[in-house]
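Before anything else, here is the set of structures, which you'll find just below.
Consider the two complexes below, in which chain A is the common component and chain B and chain C are the respective partners.
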Partner chain A sequence: MSTLDIVDDTTGVSLDRRALRRSLHRVGRRQRLLSLSLVAPLGAFTLVFFVIPILAFFVFSVANTEVPRGLPLTTEAIKEWQGDGLPPEGVFEALTSDLENAENRTAVIGAARRLNYDVAGFHGLMTKTVSGLSRGALEAGAPVESSPAPDGFSIFGNDTTPTESTTAKPQTPIERLTGIDARWSQERYWKAIERGTWPVTPLYLLTALDLRIGDEGSIERVSPDHRIYLTLIARTFGVSASVTLIALILGFPLALFIKRQPANRASLIMFLVLVPLWTSILVRTTAWLVLLQGEGLLNDLIVMLHLSETRLPLIHNRLGVLVAMVHICLPFMILPIYSVMKGIPPSYTRAAASLGAAPARVFFKVYLPLVFPGLAAGVLLVFIMCLGFYVTPALVGGPRDQMLSYFIAMAVNRDLNWGLASALSIILILIVALTLLVFKRFASATLAR
Partner chain B sequence: MTTTPLERIAASAVASVAIMVLLFLIVPLVVAVPLSFNSEPYFSYPMPGFSLRWYGELFGNDIKGLEWRNAFLNSVFIGICASILATVLGTSASLGIARGDLPFKQALQAMMLSPLVIPVVVYATGVVYFFARISLIGTYSGLIIAHALLGTPYVLITVTASLSGFDRNLTKAGLSLGAPPWMVFRKIALPLIAPGVASGALFAFVTSWDEIIVTLFLAYPDQQTVPRRLWAGVNEQLSPVVIAASTILFVITLGLLVVVEVLRRRNIRLSGTI
Partner chain C sequence: MSNKVIIGALVASGVMMSSLGALAQEKITIAEWGGASQAADRAAFFEPFTKATGIAIVDDVWQGDMATITTQVETKSYKWSLVRGESALVKRGCEDGTLEKFDPAVVGTAEKYLPGAWSECGIAYASFSSNIAYNADKFKNGAKPETVADFFDLEKFPGKRGIRRNQTYLLELALLADGVPPADLYKVLSTPEGLDRVFKKWDTIKDQIVWWEAGSQPPQLLADGEVVMSTAWGNRIVAAQKEGKNLQIVWDGAGLDYDWFMMPKGSPDKETSMKFIKYILEPENAAKISSVAPFGPVLKAAIPHLKPEDIVNLPTNPKNSKNAFAFDADFYSENDAELATRLANWLQK
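Our next item is the complex of A and B:
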């Protein structure tokens, strides 16, 4: 027990120091809990409906469940295979049983699609094998005419009826499979199945970087005509950087101009800057279509003024994308620059001028460094916005102007390739995170200077 | 103050660039507006005649008019619900952050602001899978939740900003005089931060009102919203009806902006700061 008691000056009552500290502590904890309970609803909302869905989606980039689900016996049997030469006969037998299992047909289709991502043509091979196996089974059964096709039979597009009757001698599983398609005697198809049984797969992340696992088991670049994703990443980066640069070049003089206007006119111009910001992106894109399309207003003007004899392609190309994106991003560049400019006292530049600095020197040595935080904020904001653009390139761009977002949406909506969509999303998020990190470094470095 | 010729040249160069940029920002928005009153379905000037037929199609009683009005009502309904949800959650969280003793403040703030920097397509793809698991695909609740989530960071930012100039002694005084916490919030805090809350709510509404990507991923075909109809209109065949609808939206935007301006002036008058 502490003997160091504090005596209250006014009342003379002695206070136990530890009791005081304890009760202060208790009050503090209650206050912190109150703060936490105010934040908790939004925290939980964001966690459940934002963070968890995105993290769960990211798992798809390495998920590898299709082959074990579609080919369970093969997955078990292929563990025995060392990877040299063809797998043992047991694996062939297991695959035959897996493919003949009509109840598991949906999962087999899933496995076929998954294997096709790894080795092109695998889906066709599986389709052919399944129909070949069931034809063989029909022939083995006595009354061919009366045996109906099993459920789900038609999914694999088998409409051929057995016509030629082969000698009904028992075949080994190896003979049956290689008899249906000679590709089953090639190692690479079995290796692809083996890779499909791994607990996680690097397939999608490698694909998103134009890489693949070669037949020798090492990582190699895909053939040149299949390289699309590195170009795509570079394009996303390049378009975003161009838009940011153009917006900076156009936005800075406008911010400077607004700053120099009297207050009333300045707020009117700010209103004009805010109108496009608040107008729906789709409304603005519609306006650009009316303006820029082949029969559009700008082309009317160009032809009327005899600037060009033919109508120019202004839209559904890179030019249209850049123009529309700059239009959308400009307000986001102007606002931070202007708000920083507003906070700079004119006495600073006046002081520099009165000390004999030439106007250009005042501008570059005094004013620009003072505005720099606004420039940096605008550039960061616009660049990160641009990286995720989807609507504008999709509507005013051509096929060669689409960015990462478009391919993510397409992988999910058209190809149902969740793994690839997830891998591309991870790359996009990494670029965003890297940008934020670089800017943070950069900003603290300039502040330290 | 004396100006050198060089300075004057620089100033007029800045002014001419600035005016061109302003024209670039504004002209595309207004140049299409008169075309919605064109009597013929062409997008060129001079217009052969004036007509309200495209607006008539929007407000007509045939199937097309019904679809547009249905989309409009859907957008308003989803927008208002999402805005209320985002505003309640965001305001509460801002109050918690402003108290200054929040544990894990940095991490929580970063998480709650993250919807601002994550590309919407990534979110839409993630949420489509997640909502499919919990049967929220194609429901109004699902759309409202997703839209509200995209709006919460804006509420957080605007309310936090209005709380930064807030004197906590005012609420302490209220509490010490015996008012229950809810009453202190209703009678003291809320009126003072009201402009911030209102502009946050407006931001959240506009976010939902303008949202297309998540809607494309989540909504069933019969759940039309105005952006979805515009998207279809732009993607298929650009018709004057789409321009007419765009014009109405543009006018609504202008109206909202005036509301914001009034709020801002009120804010200046109340707090004496900008």
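Our next item is the complex of A and C:
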């Protein structure tokens, strides 16, 4: 470029090369701006609905703000504690004042909820302590909110006796708290509070991997009857892989069949393949419910034809989940395979055959590599789609067929545990990323062959 | 032709007027549990209330996730003006500070209500029962289930069992069948061994369980023959009987509780909602619920308004409640999260 000398043909005057480069640059920039403005809406969309939420997941999964917000004095006081034995009296006093602060009630409950994720039963301990403290204040004659604590909820009033009768009035904060509940004299509850004051917490990510921070501060596996998430991740992976495989086995021959039909018939069959896509997933899933249930159509038929004496369990188990999911995913397998097949000229396979290759050899050595991009796209599409399935397993599966998304929904809706929901989402995202990575390697290696 | 145009224009303007009217009309949204029990409230309270006051009531459905109320309160995006729920939910919401408190000057104090049916955070208005129910057509010739133990007896009564996917009633049922007297239920349940005992009992019939989540499912499961026995809310079974289904209630081991209306804290509809609360607290209005469905009134003053035919299926009828127990709101409000996790984990095994 630098050796290029531009000379005007008519005048023979050499143009200033720098000016030319500038104007070229200007034109280029205008074009770049134009193309940028065309993709700007897409960029903004991706940012708002994709990048920011995923970043938010990462933040939520380690966020640890509840305890400092709900128990500000305790957070400050517990810094003094070295972590062996019970915390000093000042911490007890700080917690007492934090819990007695009625203004901050919502935040206190938020902290209780957060601590309960760490040590089961902490929420109950906190609410018990809050009402115990206010009852104690009432007995001491201190002016407290006008309405008395609601007791005697149970229907026949069979359980109205106050649990703690404070005959000898305890005076120190330690005696007050341990008097309300003896658990306050156990180190593990204080350690949980201390962990709650960390700037970030590994709690949710550990929980999502069936791990926890033990009382000695090391990371350990949770007790066997609390281990569920690793099984769940394996199950999500397994169900998705099975559905993908079945869809491939069913979809590939169908795509091949459609491709070999005359144009009119091919478009009719393609239309039939596409029709389910226009029906809501919920409707399609419910239809399987009607077909497969114990008193459903299929079982009626089986009994009528004496194929089986008893009605078969076809739904609320793994079988039902696989059937319904394959049905939903099949079009996404057929479409990419078919579109690639359509672009392969029949002359290639004919040439291979005419050169003496046996049919099996033609298929595996010539046709399959040509169709491979379509297969890869179909497999990837279906597998990743399956990883996030929620409604279908929830409706046609049993409790042991639920996938990660079910537990994410449960964490959000039932437990308000956004941290755990975020941690589980991150695991799902990582599985997808890993799948893409492995697939890319595998696909480029295969295509290069 | 021109007539048709005029009529069309009239109809169109009428539609517009009525939709404008709906916009201007006062309304509140009440979340309940769907199915027959919601229909009962609609017939007994919502429709007469709208007729009397012109205030519209929009129905919504929930399944008792207190987190959904907490979210509305914390984000101040209120979907529901009032929510129906059982005692433990009111107690928990009250402790968590997510429920609005009612003014005793308006709703009265504990003396006006049955024992245990008063709280500053809710208005109890109906007693209801959790029961075992069965499809009588499936036991035409032989013995019929009569006790809680029969629910676990697969030899005597083979077939699938329907159970709500929730710790409530599931815990008590196992212990009752295991011989724990109703009075000791919560003493046993408060120990780790008691909980182990519960799940060991359920292990014996685990592979025969069909799980349900919405209250409208058990009558359907029973009527379809998907299950031969199921836990259910008694009123739903009575509603199915009225539709001609041959479903029966086992009163042994019934679990009794109250239904309440609670108000999310800071609800912008508070004033309008209070008009509704005042309406259902009129004794003759309060008694109406028992004439449309087997819910017992909670207001003492409403009891004289009951008709004899209404009390046959009431859970508080002494004939029905002999072997009953009352759900312990304290136990559930304190341990609910833990119990839910325990159940979820057991389900995965």
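Here is the rule we use: the second predicted complex is superposed on the first by the 400 of 449 C-alpha atoms of A that agree within 3 Å, B and C clash if a C-alpha of one lies under 4 Å from a C-alpha of the other, contacts with A are read in each partner's own complex, and residues count from 1 in each chain.
One rule holds for everything that comes next: a contact is a pair of C-beta atoms (placed from the backbone, for glycine too) under 8 Å apart; a residue touches a chain by one contact, two chains touch by 3 or more.
Please read these numbers as outputs of a predicted model, since none were measured by experiment.
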- Task: Examine A:V273 and indicate which partner it touches, taking first as chain B and second as chain C; both and neither are also allowed.
- Result: first
- Query: Which one hits more chain A residues, chain B or chain C?
  - Reply: B
- Message: By the touch definition at the top of the document, which applies to A:F50: first (chain B), second (chain C), both, or neither?
- Response: first
- Message: With both complexes overlaid on chain A, does A:W184 touch chain B (first), chain C (second), both or neither?
- Response: neither
- Message: Going by the contact rule set out at the top, does A:E295 touch chain B (first), chain C (second), both, or neither?
- Response: both
- Have a look at where A:T231 lands relative to chain B and chain C in the superposition and call it first, second, both or neither. second
- Message: Quick check for you: in the superposed arrangement, does A:F383 touch first (chain B), second (chain C), both or neither?
- Response: neither
- Query: On chain A, what residues does chain B touch that chain C touches as well?
  - Reply: 293, 295, 412
- Message: Which stretch or stretches of chain A touch chain C in the complex?
- Response: 105-106, 109, 116, 120-121, 123-124, 127-128, 130-131, 147, 150, 152-159, 225-226, 228, 231-232, 293-295, 316, 398-400, 410, 412-416
- chain B residues touching chain A - in the complex, by the definition given at the top: 4, 6-7, 10-11, 13-15, 17-19, 21-22, 24-26, 28-29, 31-32, 35, 43-45, 88-90, 92-93, 95-97, 99-103, 108, 111-112, 114-115, 117-131, 145-146, 148-149, 152, 156, 206, 209-210, 212-213, 217, 226-227, 230-231, 233-235, 238, 242-243, 246, 249-250, 253-254, 256-257, 261
- Touching chain B in the complex: which residues of chain A? 28, 31-32, 34-43, 45-47, 49-54, 56-58, 60, 250-251, 253-254, 256-258, 260, 269, 271-276, 278-291, 293, 295-297, 300, 327, 330-331, 359, 384, 387-388, 390-391, 395, 404-406, 408-409, 412, 418, 421-422, 425, 428-429, 432, 436
- Note on the structure: chain C residues touching chain A in their complex are 65, 67-68, 70-71, 74, 87, 90-91, 94-98, 101, 104, 110, 114-121, 127, 160, 165, 183, 186, 210-211, 224-226, 256-258, 326-330, 333-335, 337-338, 340-341, 344-349
